[in-house]
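Following are the structures in question.
What follows is chain A paired twice: with chain B in the first complex and chain C in the second.
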Partner chain A sequence: MPSLPSSVDLDECIARLYKKELLAESVIEAICAKTKELLMRESNVVHVQAPVTVVGDIHGQFYDLIEIFRIGGWCPDTNYLFLGDYVDRGMFSVETISLLVCLKLRYPDRIHLIRGNHESRGVTQSYGFYTECVRKYNSANIWHHFTDLFDYLTLSVVINNQIFCVHGGLSPSIHSIDQIKVIDRYREIPHEGPMADLVWSDPDPERDEFSLSPRGAGYTFGAQVVQKFLSVNNMVHILRAHQLCQEGYQTLFDDRLSTVWSAPNYCYRCGNMASVLEVDSNGGRFFNIFAAAPENDQVKDMQMPDKMNPGGEPGALPDYFL
Partner chain B sequence: MATFPSPSSPSSATKTHRQYSFLVTTTKLPILKSDPIDALGARLGIPIPEMIFGDNLLSLTHVPSGWSLSFSAEPALDLVDKTGASMLKVAYASEWSATREKTSAGIKEVVKPFDWSYSTSYRGTETRGANGEALAKKKKAGEGKEGKEGKEEKAEKAEQIPLELLRRRDPILFADEVVLYESELDDNGISVLSVKVRVMEQRMLILCRFFMRLDNVVVRVRDTRVYADFGDEKVIREWTSREDKFENVKRNLYMSGLMPDAITVALRDSNQIANLLPVVEHEVESVSLKSA
Partner chain C sequence: MSAPSIPNLLSLRGTGRGRGRGRGGGTPGGTSAATGSSHDSTIQGTDTDAALSRLSAVELGYLSDPFATLFTGGQPNQPHSALPPPRRLPIINRGTYTRTTGIDLLVDSFLSSTDASRTRQILSLGAGTDTRAFRLFSSPSSHTNISYHEIDFPSIIARKQHIIQTSPSTLSSFLYQKPNPSNPLNSPPHPTSSSFSFAFESDGPSRNNNNTLHLHPLDLRSFPECPLSRFDSLSSAHPTLIISECCLCYLAPATTTRILEHLGRLFPQSAMVIYEPILPHDPFGKMMVSNLAARGIVMPTLTEYPTQQSQEERLRAEGGFTEVRSKTIDRVWEDWVSPGEKERIDGLEGGLDEVEEWKLLAGHYLIAWGWRGSGMGKGLDIDVSRGDEGGDGDDTE
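Right, the complex of A and B next:
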């Protein structure tokens, strides 16, 4: 594997990012190109061994990502699996994805990054990452570097051959893990098909089978679907993210599926808890719950929904609304 | 560690401000936990938006009469269409259903059709005063008679919220903003109901806004403005519903001179969009609370 340009010192990049400093555009470009080569060799289903700490949606909440490392251990001392949705909505998507990509490149077997529905060109243009890139770098170039890289992220991870991990959920087109392996994933997330379902679908505890979303696109999956998928693939649990939970996690279907949510006080206003799921070497699962990092107080109340503008500056003036 | 008030101790999450005869109260708490969400869903019969601030409240009370108007999530969600009669489809729905038939034609069931855009015509929850005081449309001067349009117009005009007084930079003595619910519509846009208040020395304004943008389909802004004059103890409630096709909104933003990047930002900001949308419904009510 060709090495990074000698001017790029990955450890120094990581040290700077831990301090929330931005990297130069040329450095981001080199690191993304390098990481792409690395990800290209990963299967659509990556197998890992526990112990591993599984992290749900981060959404640019950089201070809370650092809090996760403080609580769960620093990389590479702790193995990490991130379930996607690194960017959008929070104030520091660029810093968050920069750090995660650098860590992936530095410790490829210690950290795994799954693709979430926000790792997409379309969604990031509406929900903040694009705007933040342009604001922080005065051009859309780094947005292109990162979104091109997103096309290479893997779709799923299996822990100890028994826990299936994905961002959203199951798909009616996928019965066996082998059907995931043959998906051509090196592309923008499509609106339909198995790749879309894996990053989009939600469980519905009141149902048995797949159902259509009332929105006219997308599925929910029920208890029988989960049971069948686990038995066909000889697994015991499905682990996913994608849905906000006030408690930081939710377990459904007689402990056959968990949702892990890792963005505390989501959007700096929801007041919810967050968690990471620690899987021990025997496959035991423990939710480590945490609240928003104290550093967030600096950005508190900046984002009310009708001025929801993750790339913008906070306004401190009194609001003479009409 | 950042801490949040819990629903068991709402007092720490509640702010009040008394100005003459009026009392303003706001309560801001975290989103509901899963059990209260399940209970709310069972009461309302629809899935609950993912960001549900079910304990939040903004209320205005006229203390002497006991009249009040409050804003909270549950009654607002109760007005969401639960039948699916006004159900929208995401922009790519037809493309989606056409291609999916190949792989999963067996799945036909739509779970509980309902208006998943959470569009509501909520204007607040009113409690009548001790003497039956309640918001009502003002009887027009010329009602029942013909040829009195001039007079009619004058009566209508007297009923409007005095924007010129609200534009003055009078010191704001109390201000707050409370989100009631919010959904990202599975990343197809945004639906948010929030309410804010500002109290000046002689008057105050509440704006409860429902903002919904379904990408490439439609944009809605439904505003309830509540104006109280502390001197004459009169409250005016003005309801304005605005709506336009998404493509028209985008075109109008473009015509206003915005660059594509600024349009992306503007589409997230109801303040930049509201005045571009045509009014589809407008209604003014008022109530006089001064004791005789």
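Right, the complex of A and C next:
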């Protein structure tokens, strides 16, 4: 595998990103190309061993990502599994995905990144990442670098051969985990089919079977679907993200499935808690709950909408129905 | 996060989508004769926010409103014209659609339950840049005998009047200023408002539909020293629908109580529709209050009427409405938007990923309405789920 250009010092990049500094476009391009080669060799189902700390949606909330490292331990001292949705909605998607990609490249066995439904060209055009890239780099080039890289992210992880981890949920066309392994994942997330379902679906405690999702993509799935999937695949638990939980996490179906949500005060508007799930070496699960990092308030104060600069950087303050 | 600069990639493909106007920029709060305080201009700025949200929803196909572009430009000759229109997030667009559709339904119900051969009044408080009157007057359903009244700060009224008078064919084809001597309307100069009202006659698709639009410059805080009865064109004799779409929520509760009581005395046969936020005390509500406060926006009535029940009780006790109903925006979407229309809306931006957030946000806004007087309940007692029956706007229950 060819190495990074000698001008790119990965550790220095990481140090700068921890300080929320942006990397040069050429550096991003080189790092994305290199990470692509790394991800290309990962299976659609990556097996990892506990202990590992599992992180749900981040959505560009960079300060809260740093808070996670403060609470859960820094990389590579703590093993991390991220369940996707790194970008969109928050103000610092570029910084967030830049840092996570650099950490992945630097410590490939210590950090794993699963693809979420927002790691997509289509969704990032509606939900903020595209705009943020253009605003911060004056061109869409780095959006192309990152979204091309997203096509290579794995779709699922299995911890200790017993916990199945995915961004969204199950699919009516996937009974056995082996069926995930044969998906051609190196592409934009399609509108339907097993790959779409894995990143879009949600559990529904009110139902037993699959039904149409209110999101317009993926399915909702009930208790019997979960039970059957676990027994067919000899697993004990499904771990996923994708849905905002006011308490930061939610456990369903007699502890057979849990949702971990890692964006506190989501979109600076929802007032919710967040959590990371720490899986110990015996497979025990512990939700570590946290609130929004204090740095978020400084941003709110600093970036009041500026009527004198209507084309400038938008404020951190979210929209309401006024 | 704030979304005003998300480009509409779809709209960038074409060239003829009316992108010639920039963000609203500052509203002319500084020129207000009533007050020049920054809080006033902040509140007036929420109208710009609403106008931009409406434009976003229109550009993306949520709503059909040929008048939405009229009120989103800067001041005349301001150099912001090169900016593309704002694109709001899907969740905000759906909210704009739902609230507009819900209030439209109640307006239609009011019009269809009152005698179309006699004058019906609509009184919109803090109407700002609202386009509802234009949409009604130009709609193919040929509503007749509507006397539509809008009340707002003098500076807002002046700007709206200017836009109507100078607008291209969009408006002038069916709206023209009433000739003297009936305009300007009477009433002596008042220290807190300029003295002129503006009336426009409508000449809609079917001629002689006898619709008029009246713009009244009035700071609502001047109640009751400056009562509505001073406007000759408003009559207590006509059935009247009063609309407060995010208006009363910016006033002190004591003031809104006075306004509701005043309206109750003035219009014996009337209905009222209020659109406002609720639930300031749960985590989402607390964050909403704090975020809005950071933008300088305070809604004093939010803590006074924090729930659906208290909003209904307010209409009953203060407005004197004998029958009251309410629905959160979430329920309006669920109950009043037909399955086919839901599917169309969901398809506009490739599905709504923000399902949980939508429930939270839409659950914190409501439409409350009440009515009194003979015949008013015929159309306004809408509790059935339109989504289930798939009916259209003429259904009454």
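Operating definition for what follows: the second predicted complex is superposed on the first by the 297 of 322 C-alpha atoms of A that agree within 3 Å, B and C clash if a C-alpha of one lies under 4 Å from a C-alpha of the other, contacts with A are read in each partner's own complex, and residues count from 1 in each chain.
Assume contacts are C-beta pairs under 8 Å (C-beta built on N, C-alpha and C of every residue); 3 or more make two chains touch, one makes a residue touch a chain.
Please read all numbers here as calculations on a predicted model, not as lab measurements.
**Q** On the A-aligned overlay, A:Gln246 touches which partner chain: chain B = first, chain C = second, or both, or neither?
**A** In the superposition, A:Gln246 touches chain B and chain C alike.
**Q** Would you sort A:Glu209 into first (chain B), second (chain C), both or neither based on which partner it touches?
**A** first
**Q** According to the stated criteria, A:Asn265 is in contact with first (chain B), second (chain C), both, or neither; which is it?
**A** A:Asn265: touches chain B and chain C.
**Q** With both structures fitted on chain A, tell me whether chain B or chain C touches more of chain A's residues.
**A** After superposition, B is the partner touching more of chain A.
**Q** If we overlay the two complexes on their shared chain A, which of chain B and chain C does A:Met91 touch? Say first, second, both or neither.
**A** After superposing on A, A:Met91 lies in contact with chain C but is clear of chain B.
**Q** Touch check for A:Pro294: first (chain B), second (chain C), both, or neither?
**A** The first partner, chain B, only.
**Q** Could you say whether A:Ala217 touches chain B, chain C, both of them, or neither, answering first, second, both or neither?
**A** Both: A:Ala217 reaches chain B and chain C.
**Q** Output the chain A positions appearing in both contact lists, the one against chain B and the one against chain C.
**A** 117-118, 123, 125-127, 130-131, 214-217, 243-244, 246, 265-267, 269-272, 300, 304-305, 307, 311, 318-322
**Q** Within the complex, which stretch of chain A touches chain C?
**A** 89-91, 117-118, 122-123, 125-128, 130-131, 135, 214-217, 243-244, 246, 265-272, 300-301, 304-305, 307, 310-311, 314-322
**Q** Which part of chain A faces chain B closely enough to touch in the complex?
**A** 117-118, 123, 125-127, 130-131, 134, 172-173, 191-193, 200, 204, 207, 209-220, 243-247, 250, 264-267, 269-272, 291-294, 296-297, 300, 304-309, 311-312, 318-322
**Q** Considering the complex alone, what residue numbers of chain B touch chain A?
**A** The touching residues are 1-4, 29-34, 37, 50-51, 84, 87, 89-90, 92-97, 99-100, 103-104, 107-114, 116, 163, 166-167, 169, 172, 175, 177, 179, 182, 184-190, 192, 194, 196, 198, 205, 207, 209, 211, 215, 261, 264-265, 267-271.
**Q** Where on chain C does chain A make contact in their complex?
**A** 1-7, 9, 22-23, 25-26, 45-46, 49-50, 53, 80, 83, 88-90, 92, 95-96, 99, 246, 277, 282-288, 291-292, 294-295, 297, 329, 346-347, 349-353, 355-357, 360-361, 365
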